[in-house]
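Residue numbering begins at 1 within each chain, and the chains themselves are lettered A, B, C, D, E and F in the order written.
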């Protein structure tokens, strides 16, 4: 029997959407207020979905304590109270849009999560905007 | 790389569930309080999910400003503070159940959204009742 | 020992803000979309706060089952799935703004609630607009 | 035309995660605080998703009143204000993890829901932990 | 300049409302399902409000890290994943209604919080029922 | 008759808690992760409460459209997508703690709101931390 288990986490960070090879005008046109030079920030809400077989002995797919620890190590510790553009290796040459951020988080979790589990990530940038990787379709 | 992007919107409207070819008794039996003759109403919450390739230059699937504008033009402007039964063309001969409403919204957005994007709609009628089109399965 | 006890309830209704002694233009100017002739509606969320002495025998201020029944009789039954302008006695000559609605609900509950209790009402018209009677200051 | 209809419900219960064939140490190691001998409890939030054809006459997939009644009979009545370990037949020999609980609820609803409908269940154990059956993948 | 600072916390516990000097019938009549013999439980949400002068050097009323630690020591550690009736000293001879629980939490926090601060506690038993001590009026 | 009217608003910003006259160690000790040099950020949620007489002609305390415009001009336009430390005049010599931020917002709104209204502000820095000015007691 397979079940999906979802754990929510919370962190906050600053970022800016900007391409140095574009003019200020083009940056402002495409990224709007998100291109403001001195950064802005968000309270990110994250949902990590792990799907797998229910262990016959424990009745659990994955111990939620372990999942919580993995999310702390791979997401909260590196990103919480950080500036995505300046403090995070993955965004040295990648615009920190939430599309990219969602994928970066999925990659980090995928590396450490046992391969028997399927993994999906949903990232809320604001209460009205959120993103999912892998995509629904 | 494909990602799903979801934008929430809010509007409110009045409606009534009623078939003129049925007796009052049958209407009341099937639609309950929702058939009350003088209408009732809801704060509708809408989630619009657009799935597509992440643009290599912008790092975005779709500019959220554009998605917000599309939702305003196709959903908020025609439906907000309206009476679905009396003010909306699509419900002249269609009962404004949330199943139908969800599909009507999907159709309106589908017409204007570029065909490279997949589209899913979730509509909350109340905090405890919501609807999705296309269906999950 | 006094404690405040708060119970939430939910109902929905249609309404319209409109003064028949004003021109259409003035109604539209003051009430905006809320004056639309065919009504619109809301999912109202209500919080009823009862403050009183904790009964030494039961450890309760008021039995929440009783409070739930009172809210059902005085608020949900008369207002749920109704048109405030057309179906509700109190609004025959009173504009159903949420300020007035909040006060009408408080009056109805005050009449049936034992006088040893203090009573406060908060009414959400939308998730972003809400009203309180008696006022905070 | 097929649409998915989702109804939320709420109930609360006590439980304990514990295997009598394990030592106290092993129970504590695997289940943590959840193995506390005198039980703890949760406010469970349930989302029941029914997918099916929209009825041409009523414009509904399933009458939400019927779905509400089914959820009351099969979930709220047997589980609300109960001790899952001591009061519930299904957990006499099954650890009441939320993975198992989610499946038990799905089974109960599946038995009474007409076979033309597809059924999915999401169960919130806390605001930060939730479970889905059938699984997403 | 004085400001109010509010911190939310979360824990869960089992309890039962019951007076041993009453008959089963009277317990059931007054406490309803809450008197079920094998306990039930809740996810409690707690809001702790501390009011005081803003420190001129730090710009803070109280360091939120310190407030978080106090709430952990005085509330989460003694109550989380516990049975209020069986595991908690304060409820040996006190019915664990939320009115009493709210006051017990306030007392515990009041003892350790510096006297220069005012203290208010709000306790959610379910998303629809909550309690405040000291009372609003 | 007086009623309280509350309007919610949303914006996001970056900030950093830091005193240049303190050592890095002391800043880290007092402000923790919030002193990170490259800023972090939040989705701020704001509740603005206006209390006043209900106008006999309109049935409103204040037109919510006007209140929405005032909040946009005085709060959203100057603070949304900004860096509080670098972009905001008021924080040139004031640490942007939420205590100070709450007071700054109150001051800005107080200046433009007619004096017949009482004004209260609640500011959510995260879903678990919020602040109120004037204070509750």
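Basically, a contact is a pair of C-beta atoms (placed from the backbone, for glycine too) under 8 Å apart; a residue touches a chain by one contact, two chains touch by 3 or more.
Quantities reported herein were computed from a predicted structural model and do not represent experimental measurements.
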Give me the set of chains touching chain C intersected with the set touching chain D. B, E
Greatest centre-to-centre gap (Cα means) from chain D is with chain F
Could you work out which chain's C-alpha centre is the most distant one from the centre of chain E? B
Return the distance between the CA-based centres of chain C and chain E, expressed in whole Å. 28
Where the centres are mean C-alpha positions, what is the separation of chain B from chain E, in Å? 41
Residues in chain F with touches to at least two other chains are numbered 127-128
Here the pairs of chains that touch are A-B, A-D, A-F, B-C, B-D, C-E, C-F, D-E, E-F
What residues on chain A touch chain F, complex-wise? 10, 12-15, 33-34, 36, 38-43, 80-83, 86-87, 126-128
Chain E-touching residues of chain F, taken from the complex the two chains share: 17, 19, 30-32, 94-95, 97, 99-100, 102-103, 127-137
Which of the residues in chain C come into contact with chain E in the complex? 1-9, 49, 51, 54, 57-61, 63-65, 118, 120
